[in-house]
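Two complexes are shown next, each including subunit A; its partner changes from subunit B in the first to subunit C in the second.
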Partner chain A sequence: MKKLISLVLALVMALSLVACSSTNNQANNGNASNNGGNASDDGGDAAGQLDTDNPIKIGYLAWASGADAYMGLVAIAALEDRIEEINANGGLLGREVQLIWYDISADFSESVNATNKLINQDQVDAIIGPDGSPFAITLGSIVEEAQVPLLPNCGNAEVTINDDGSTKPYVFRVAPQNALTSITMAHYAYNEMGVRTVATLSESTNISTVEAVDEFVKEFEALGGEIVAQESYMLNDTEFRAQITTIAQAEPEYVYMPAAAYKEVCNFAIQLSDMGYSDSIKILGTDGWYNPDALAVAGDALDGCVVVSALDMNSENIAPMVEEFAEKHADLNASLHLYALYAVNALQFLEYAITTAGSTDGPAIKQALEETTGVEMITGGSWYFDEHHDPVGPEFTILSIEGGEAVSLGVYSVEQ
Partner chain B sequence: MTVFIQQIITGLSIGSIYALLAVGYALIYSIFNFSNFAFGVIMMVGTFGAVYAINWAGAPLPIAILAGMLVAAAISLVVEVSTYRPMRRKNAPRLYLMIAGIGINMFIENLAIQTLGSSVKPFPSDWGREILNVGGVSIAFADLLSGGLSLVMLACLWLFIYRTKTGLGIRASSYDVNTTGLMGVNVDMVSLVVFAISGLTAGLSGVFYGMKYTVYPSMGIVSNKAFVAAVIGGLGSLPGAVLGGILLGLLETMVSAYVSSLLRDMIAYLVMIVILVFIPNGIMGKSVKEKL
Partner chain C sequence: MYQYLSGILTIIAINVTAVCGLTVLTGFTGLFSMGHAGFMSLGAYASVIAMLYWHFPFIPAMIFGGLAAALVGLIVGYPTMKGKMRGDTFAIAMLGFSETVRLGLSNIYPYINGALGISDIPRYSEAWVVTLIAAFCVYITYRYTRSKHGRIALSIRDEETAAELIGVNITWEKIKSFMISAFFCGMAGCMYACYYTFITPNTFSTTTSNNLLAAVVFGGMGSVTGPTIAAAILAMLPEMLRFVQKWRLVLYGAVMILVMLFRPEGLMGGREFSIKGIARWFRKIFSKLNRRAGEVSK
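Then we have the complex of A and B:
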């Protein structure tokens, strides 16, 4: 009997937890619509009669808690800013736009739960994110069944492609593919920098960085370069001196480190410099950790590193956005970063598709996204999707880090 | 050979952080028979205390370290007085105290993310990153200082517990809290002292951790490893905690260096399981008790 009572109590507690979390998210919704309401009041003239009873709901899957919470928190703020602007200018199709987001950082299964919630409970019209490949790969069939377009900003090939090679019909990637990033880096390093020996360092717990390293190794060796050491680490590791000592023995000119977040890169670079190797070994990096905050944390330890990125944070389009964001969101204590900008690009694609289709029907949005020949991005350039729903248009910029600043070395593309 | 010595030094330096944190776990366990799983955030808050002492008040490093330790001790006391003590008064099972600790850990970590921001900060002093080069082996000043201060801290703890009257009270409480209370020892006072000391060690190790690596709200995650170290060493034993910490640091580094960094945690934890299977009380553990 006692067991039964405790079981019932446990169930009641579990249910009340669920209830609590859903009220939380209701509160999120409330906030979002309040924002929208304010925005429409402010811009009352421009807005005309903004339909607030029948909002267009955009979901966002955010990595917004834990050690790398800045990834999602910054993106949420950037998306909310953009939506505020849209609503102030009359919304989309005369309807108010709302952002509904869930934190998915607890574990990979959380992105499935959140996607189901967004589709069934919140009945969103489209979903942006997630920004991590391990979270995104499983979502293709869910959004296909519900016919809700998903625009993830992450790089693994399997995010948009099924095992049998077919394209996931409702998934549209808004960040460059890992393979392209890695191939570009391999070519630039071999052909332009004259690098011949490279060691690699991947986060073994992230399919995205593992893939990026594999692609780099394949391409760099095909070009004639030599991979002298391959090391790995796990998410949230802080200690890299064992790997550094092993890597240093192999005497590479560069270490290719396509990390998904910046704190590990900072620790690696700082320890590399502390152990006296920073003059002989430099890092080749990717957009996953190209973040103004990383440069601030690692200081001159990152000097001489070379990064490949699909967006140049110093470009005339983006630099003012970074500044404006820093002023407006000083409380976040984190800079506007690339993955937040990819999320904003996703929102721009949705604005375009919903306006063009004149509808928020999933199939109509999908068709508009597939048929577009180019959407002007606020980050610069005109992007569209190829037959695999990968973005065409992002151009890779090569950046060199000098004196704690990323300096653009220009746009670089591989002649295929 | 130089490479091997370098790896040993690296292992010792990681181990010294684990050791200092493990002492904090062991201390509380030895008195109250439960593990304070809020330890990670106590360390984190202390580190932020030191960072803000430098950034806001312009404090020199030694004062900042002291400030970090005091902040951590204060938060440790708050946790004890607000949560653990009322729960003990109501005779809550030890397991529930630990669950409360895990809750506090999650609560404060997420509170810190919301209030302090989620970004990673550098510790505002480069002193710890100065390098001493001995025959091709590089040793960071922070490692020397953390190793040295850990020993000093341990010595002070030993003197305090074995040579003072309050220490006698602590030792008596570790046998039986209720009886010690009946003997006229102010058990509440003893618990405050113990939590304050454990907070001081958390703050100290946090500052060194931040100095060596970086400072961010989730940095307390490293305390999980320290807990493992404390268990390997024998929960409740202070020398055991130090031994466990150093062993774990060396083991991790050696596996990363000579086997594979991919297999690091797998092998390190396999060794832990083997140790516990053969010596269930840990290397220097006292007696068979619930080790949670």
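Then we have the complex of A and C:
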């Protein structure tokens, strides 16, 4: 009996391998979000002419499983909503738009595998994501060779720039650089809040948080401020009392914590409050963890924290989107977040580029993206790309957290 | 299509190379390690430094990475083996080792850029090159385990005290297995760096170590071809399971549980994969079926 079951298992494995390698389209259908059906139902005349045989395929590299699956799953839902809207309005160039997403959360090599699969097997016209810098840095040469534009929503400088300073021709970043976010926070803290002593807390092996802290320290010290303690924690840490003790001894006014996900910040804030330091030490944060769910989890513990974000979730453009999303996707049990909005912004850039170029050719889309002088974003403002393919247009909003709500203190930019 | 499949083949070859090392250490010498990702990391960093700063070509850089990892293997191996660490204590010591490597590398900025990692590594790991290297490594491992050294290792795994009584230098033999495993993992680390073109200390995590160990146990202790096949299956599985979307990694874990439940000795047990073996297996099945058919007709 045992042998029989083992044999069946082995056969299932072998068969699924054959199925995967021989029938490409089957696997794709699993992840392809085909909204054509809805479109022809709701869209009237425009959707009636929609070319569904020859769809425009947009790939998305998602962090869609594990503890931080909310990052990818929310973005997928937001992109699908937007695509549904596009198809209802007649698609792009009269063609239906399809989203094909793959999860990349198992290990680093997955972003390369998934990108190769999107390009070679699904033959996508452009790719959105990933939202993690270590996953995006390596993709420049792959998309360049295949001439497929990639629009990652992550912040490390090397995502768009090679070591020799040249720009990766097919990579266009749709989120602000980590350095810019940190510099803005340093200036706001020093000049506007009058903060003089700051401690920093970073995830020791996370490229984005380490880079953000480095940039903050450089800028804050250059302004005349003092960094009184530099602490770190490890991936998936939930216990911060040791770091809090060290930081409290250094007596900083604020702790700069540019975490990549919100659970660390919530734990830190709650433990800070438990240990009785929540009145004397507050957090300076970034949009990496700024999320309505974080405020719900941490409750009052985050009160008094100041966050710099390239999008204001309370703005008149975004607040209704957050509400609408919560109603439509109650099953996800996660709020619309900033990185999902960046992904939607990337899709908007692609809509613009494909329509302007009148083609889905990689080089044509690339040229249209490079030449644009501004695309009106549904999140507000007009964005375009500079010579390094970094977005120009996102304005940093400073938010203060009061009573479990983020209150906008207005737009702030560093004077050059 | 070609690039996607060659990408998967590359990952398989890298996994197989690393697993070859662990086969010698765990499958044949009986030492469980939960930290061999540390050696992959060291090998990757050493070879990348050799390539970027000293302009080594790919293969010499890979061997350099392997040797660097083996040297660290000697340094770490001597006190642990001398201290007669084995079983759970050794596994945990290795877990500590890989974390030390990860955090150590995160804090060293000259040459290796700390947590920010090294980018723009040349993409030398072509599928056919790494497949040839992996095949060569499997062959070497097979020959090694069939030699006097392999039999000594097996004697240590099965009955350490008896092996010591007949005059086997247990400490040295264990260190030897350990260094060989570190060498293969170091080479695999180099191949990975030249495939992914960007490495950070986080690239080789505890999950990597666990997957390597899983491949050895999953394939069968005391077999070389078993872990090789298991490493290939475990590398392909996440890609094969993409059709179940976000449930993919759950299913991956479930398949591992099922296999271990129904084949606790692993895919191949202590045997090796061979055409003759398959023919024998089929003959056995057919003769059983024939006998059953005979019983029914009676």
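The working rule: the second predicted complex is superposed on the first by the 381 of 416 C-alpha atoms of A that agree within 3 Å, B and C clash if a C-alpha of one lies under 4 Å from a C-alpha of the other, contacts with A are read in each partner's own complex, and residues count from 1 in each chain.
What we mean here is this: a residue touches a chain if its C-beta (ideal position, glycine included) is under 8 Å from a C-beta of that chain, and two chains touch if they have at least 3 such contacts.
Since we're looking at a predicted model, the values are computed, not measured.
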{"item": "Which superposed partner A:293 touches (first subunit B, second subunit C, both, neither)", "value": "first"}
{"item": "Subunit B versus subunit C as contact partner of A:141, first or second or both or neither", "value": "second"}
{"item": "First, second, both or neither for A:262, with subunit B first and subunit C second", "value": "first"}
{"item": "Which partner reaches more residues of subunit A (counting touched residues only), subunit B or subunit C", "value": "C"}
{"item": "Touching partner for A:66 - first (subunit B), second (subunit C), both, neither", "value": "both"}
{"item": "First (subunit B), second (subunit C), both or neither touched by A:227", "value": "neither"}
{"item": "Partner chain(s) touched by A:245 [first = subunit B, second = subunit C, both, neither]", "value": "first"}
{"item": "Subunit B versus subunit C as contact partner of A:162, first or second or both or neither", "value": "second"}
{"item": "Partner chain in contact with A:333 - subunit B first, subunit C second, else both or neither", "value": "first"}
{"item": "Touching partner for A:204 - first (subunit B), second (subunit C), both, neither", "value": "both"}
{"item": "Common ground on subunit A, meaning residues reached by subunit C in one complex and by subunit B in the other", "value": "65-66, 69, 73, 204, 234"}
{"item": "Subunit A - residues contacting subunit B, complex", "value": "65-70, 73, 204, 231-234, 236, 238-239, 241-243, 245-246, 249, 262-263, 266-267, 270, 274-276, 293, 296-299, 331-335"}
{"item": "Contact footprint of subunit A on subunit B as seen in their complex", "value": "3, 6-7, 10-11, 13-14, 110, 113, 116-122, 129, 131, 133, 138, 140, 209, 212-214, 216-219, 221-222, 252-254, 256-257, 260-262, 264-265"}
{"item": "Contacting residues of subunit C [partner subunit A, same complex]", "value": "1-5, 7-8, 11, 102-103, 106-107, 114-117, 119-120, 123, 192, 195-198, 200-203, 205, 207-208, 233, 236-246, 248-250, 252, 255, 258-259, 262-263, 267"}
{"item": "Touching residues (chain side subunit A, partner subunit C) in the complex", "value": "2, 5-6, 9-10, 13, 16-17, 20-21, 24, 26-27, 30-31, 64-66, 69, 73, 102-103, 105-110, 112-113, 116-117, 119-121, 134, 137-138, 141-142, 156, 158, 162-164, 204-207, 210-211, 234-235"}
